[in-house]
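Here you go, one structure.
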Amino acid sequence: MEWQRLIVSYIVGFVLLNVLLGLMAYMTWFERRVLARMQHRVGPNRTGPFGLLQPIADGIKLLAKEDIVPANADRLVFLVAPLLSFALAPLGAAVIPFGDTLHLFGIDIPLLVADINVAVLYVLALGSVGVYGIILGGYASGNRYSLLGALRSTAQVISYELVLGLSLVGVLILSGSLSLQDILREQQRSLVLGPLTLPNWYILSQPLAFALFLIAAVAETNRAPFDLPEAETELVAGYFTEYSGFRFSFYFLAEYINMIVVSLLAATLFLGGIDGPIADGVWWLAIKALFFLFFYVWLRATLPRFRYDQLMGLAWKVLLPLALLNIALTGLVRLWGIGAL
Amino acid sequence: MTELSATHFLLLSAALFIIGMVGVLTRRNVLVIFMCIELMLNAVNVSLIGFAWELHQLTGQIFALFVIAVAAAEAVVGLGIVMALTRRTDTVDIDELRQLRE
Amino acid sequence: MSEPRSLPATPETSPWDTTEYWGPTDPEQHPAVRLVRERFPDAFQEVVVFRDEVTIRVARPALREVVDFLRTHPELRYNHLTDITAVDMLYLRERPRFDVVVQLYSIPRRQRLRVKCGVDDGEMVPSLVPIFAGANWLERECYDMFGIIFEGHPDLRRILLPEDWDEGHPLRKDYPLRGYRDYVQPGYESPAPRIRGTLRRPGP
Amino acid sequence: MTVQVLVFWLLALVAILGALGVVAARNPIHSAIGLVLSFLNVAAIYLIARAEFLAVVQVIVYAGAVIVLVVFVTMLVHPDDLPEFHGRRPLRIATGLVLGLALLAEVSAAILAHGLRGTPGPWTDDTIAAVGGNTRALGQVLYSDFMLAIQLTALLLLAATIGAIALARPEAVSERLAAARRVMTISLAHPRGLDQPALPAALPEPQNGRVKEAGGGRPIVLARTADEFTEQPAWGEWRAR
Amino acid sequence: MIDFSQPTPVILSEVRQISPTRRELVLNMGPQHPSTHGVLRVRLTLEGETVIACDPVIGYLHRGVEKLGESHRYAQFVPWTDRTDYVAAPSNNLGYVLAVEKLCGIQAPERAQYWRMIMAELTRIASHLVWLGTHALDIGALSVSLYTFRDRELILDIFEKFCGARLTTNMMEIGGFSREIPPDLPEMVREFCRYFPKAIRQYEDLLTENPIWLARTKGVGVIEPEVAINYGLTGACLRGSGVNYDVRKAMPYLLYDRIDFEVPLGTHGDVYDRYLVRIEEMRQSIRIIEQCLDQVPTDGPLMAYESQYVIPPHKNVMTTAEDMQRHFIWVIKGFSPPKGEVYHAVEHSKGELGYYIVSDGSPIPYRLRIRSPDFVNLQSLPYMAQGAMLADIVALIGTIDIVLGSVDR
């Protein structure tokens, strides 16, 4: 019996990984189309209907590109670094519940790869180890400017990871458990506030934490207004300028997977993942995650870039105190049990 | 050796500890020495967890938690000192970087 | 140094002559002319009025003092340096060879003025950089194009041409239009032939 | 149960290899990578010992922050500035190794010879599961018996952060900038006399233009004729601030 | 404020000796840099993140336009003026043509002057749109440039309808316009004037109240008014610091004195103020164009044919012998204006564009000097860049609004 459960969870994990890679490919297409529509242009539409084959075309192009390793680069680390950040990105999706357990041909298949009871911390741990992909990539490419870029983006990721973790503490206080399954069950309870019965999504009871989480998530994946390290290529090389060909795309694809994983996480933690008004199910999670992905692209289209010192100042001087304030407030509310929270 | 008992953890902890100690004694670069100290602290943690596992008590894990906290604080201050030391001889200029080649 | 022969102005009545943008067209009433003539009697050489433009010619060593005077005098206050340029008078007069032209504008009084001084090849012109920060690049360009050295300029090096340009100064009249060296354009073996040879000056 | 032991030895082996990597590697960055490898494996071993919270904390704090800090400093610091701790190498390596091996033999002999004496505590697997998982159990014990320890650790961490900030404060760039400004005036030739018209504190009233609020809390002055704002630029309250 | 007592400033190369213990990082924002608007190279001496010194290196696009001016006839040089500031060609044409007309003492008929003002103001808007697009793109707002270039297309269509070319228009000639104005052009321009204020509101919605835009532009690159005057800045760089100097108001050329418009002035002299000033200038240009369209006589000559410096009208050339002969001489030998020197300035979108022409009576100008506004404005970059952050340099280059064609000439 032990082996069977192991094999089943392995299969579910394998399916999830492929779905994620497929989603990642089409996330690039989604972003380019939506960004184009916001900028009054059309976006890729040559390759296949609505440019749907564009990701495959990009993939082939990147595969065909020459893969240069710079002369004074540290060969081994240079080759491993992008793989590190690419491999760590999808692991985050393992803890996200995609639905109740299915009963197919007599075997009950939990639509959740691993229900570990430290799921939220697990996601944070992945984030903190993911930093090595950036810092080693910058170091290994040998030139001084990419190292400078690597240091900058690492410092940014670490500071915003702190804010991310603290903003989640609020949610944990309310849900009482670290495992996403319990958090989801907690959110499915209906919240009776006078006449209207609202779903007990944490966005309603934790708006500040939701905002902090969103900002920190955007900064963590080096996206939209926080993408100064990439923009550094204008001035000082970003950490991946020495990379080329498919190795270069590892970093970019890792960024897209991170975006998807964080959107799924945000949907589960704050919008009650698979819990929807009519019928619970993975399609609700998809809709909510899609909203967050649209939000990412929307930010990229409208907002200019932060300067580096403003970016760090925002993290330490504004978001961190807010996160601590939020924890204090939630703690007090929970302590005195005000209302039905 | 069939049953997973504390001795396994203790053996691993001893090995790690000794490797750390050798590292501290033989290496020249202060930062590598720093890492070896972290290694030794980690070895202590392993033995604590071993005891917690064997004796079904949580105090081992709690001690491990405190050891991690102290180690983090120590690392921060230690690296601060290293930075201050280097500042005295030549500024640690973000643009005067050099990769460390022994 | 022979008296510099200025260009004879062929006055023609035109709408341009009536505007007062450069101050009163009669040189005597023009405040700048009057004050400069009083203040620098020896340096003041000549005033020319053409269309509504008033041009004062001063001696070369006194250029910086005159411009500083024009800038600081409460009645004149030409505080905006519009342009510094040079003209190679090789075909128009014998000596001195170059004319440094300083274009001034008074923002409070909304009036323009032009100050000129003759410079021979190799002579130093007092630089206006200590008076106007804007003069820096303008003088570097004059040096780059004409080879006029500005004494007191903090950083006199070529600005438009590459630092190692050794073929002299292109805007001089004796510098052939296509330069001395014949460059072979990419894709061709020999440089393009010079059809008209050096520049022939068509008569007036 | 042998699977557990097998997995344990596998992880232990990799952890030891990582540790050796730390000591043996020439380039400190490589030794940092070795350290990360060994810490991740130790975290996996904690999972086997059902100490999930410890495993995740170890990954976040140790692998995620402390070693990144060390790598940061390795990259920022000029190698020959580092204080020298040991002189010549060959003799030291020999003594270190011999000492190490002797100690290892001794300690492992002691471990194998004597079993562990200690009273088994109450926290068996099922009691932990009843309480609701390792983290909740830890939480309860932590915040009941070890309250004082928590306060002390909090104080310690606070002291550490303040110390680190004080130590690594970068020199204020401003006074270096002022020095450079005096020296560095390339194409910045400064006019000797710069007439400084006395600027009024308040924004001068536009004679026949108007002040238009142009967004971002910033007014724009619209001058209709060419005579206003030539003597006094539209530059009032900014200067006063 | 900067310490001005320094007698003889030191050239960059000596910096290294002064600080032997520490070598600053000299960073080359090379000529092919995406955000230096063409081929500008800036050598930055950095101290960590702060810029200590900045030395712009120009000349990569130097084509010797002034030397060419001294070997072409007056009328032949007009196409060259388009190519100096290739983003605002009609304004360049206007500057040169007015200078030559002043030299010859002729004036274009009223209808031509109105149309010249309309074309100049349209060019100002087109140039400001290019500036806004690239400036926002440098600071990170991607979509603004798409909107601005979409609206610029409308102006380029108007140019194309009028003179056949979108960018290097070569539309103005000495004495007025040689081509007849297409009948539906006024309606096309009026349609643009109705549409454009809505487009400006779109840009403002995207940027003016955007907190990140404010954070990146407010307090950056501040130039005090007396420093701006001393550097000889003109255009939005000068008006951003609150000094009211607009050639159209100070010395009205063409018929600007008949048009009622306002000159926007900034109060803080930083990047944000120059942004506000240029946005307001676009609105004022719309007002000018509308007034010109109302006042322009619908018929009347477009060329000052009565003057002997101007090409005779085409229909007479084919019919009368005297005009054919004059046309032949005009084309082959060119007209020779009176001896003398002339300087005429025009309010170009970048600042005061002046042409200084010395004529010795021959049909070829003796000396032709182009006073390009962004060459002089670019001098203020080192002043603004000192103490700025590395990421601000891009914003500072954008706020000066340079086009390397007119900087290098």
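The letters A, B, C, D and E name the chains in turn, as written, and every chain counts its residues from 1.
The rule is short, and it goes like this: contacts are C-beta pairs under 8 Å (C-beta built on N, C-alpha and C of every residue); 3 or more make two chains touch, one makes a residue touch a chain.
Keep in mind that this is a model prediction, so the values were computed, not measured.
Seen from the C-alpha centroid of subunit C, the farthest chain centroid is that of B. Contact analysis places B-D first among chain pairs (by count of C-beta pairs in contact).
Here the CA centre of subunit C is 61 Å from the CA centre of subunit D.
Here the spacing of subunit A and subunit B, counted between their Cα centres, is 31 Å.
Our note on geometry: subunit A versus subunit C, Cα centroid distance of 65 Å, whole angstroms.
Chain centres here are Cα means. That of subunit A falls 22 Å from that of subunit D.
Among all residues of subunit C, those that touch two or more other chains are 79, 107, 110, 132-133, 135-137, 154-155. Under the contact definition stated at the top, the residues of subunit A that touch 2 or more other chains are 74, 139, 147, 151. Under the contact definition stated at the top, the residues of subunit E that touch 2 or more other chains are 9, 11-12, 48-49, 227, 230, 243, 245, 250, 379, 383. For subunit B in complex with subunit D, the touching residues are 1-12, 14-16, 18-23, 25-36, 38-39, 42, 45-46, 49-59, 61-62, 64-66, 68-77, 79-86, 89-92, 94, 96-102. Those residues of subunit A whose C-beta lies close enough to touch subunit E in the complex are 35, 38-41, 225, 227-228, 231, 234-236, 300-310. Of all residues in subunit D, only 1-2, 4-5, 8-9, 12, 15-16, 19-20, 22-23, 26-29, 31-32, 35, 38-39, 42, 45-46, 48-51, 53-54, 57-58, 61-62, 65-67, 69-70, 72-79, 81-86, 89, 92-93, 95-97, 99-100, 103-104, 107-108, 111-112, 116, 118-125, 134, 137-138, 141-142, 146, 149, 153, 156-157, 159-161, 163-164, 166-168, 171 touch subunit B in the complex they form.
Considering their complex, residues 185-193, 195, 226-227, 230-231 of subunit D touch subunit C.
By the touch criterion stated above, subunit D contacts subunit A in their complex at residues 27, 29-30, 33, 36, 40, 52-53, 55-57, 59-60, 63-65, 68, 71-72, 75-76, 132-136.
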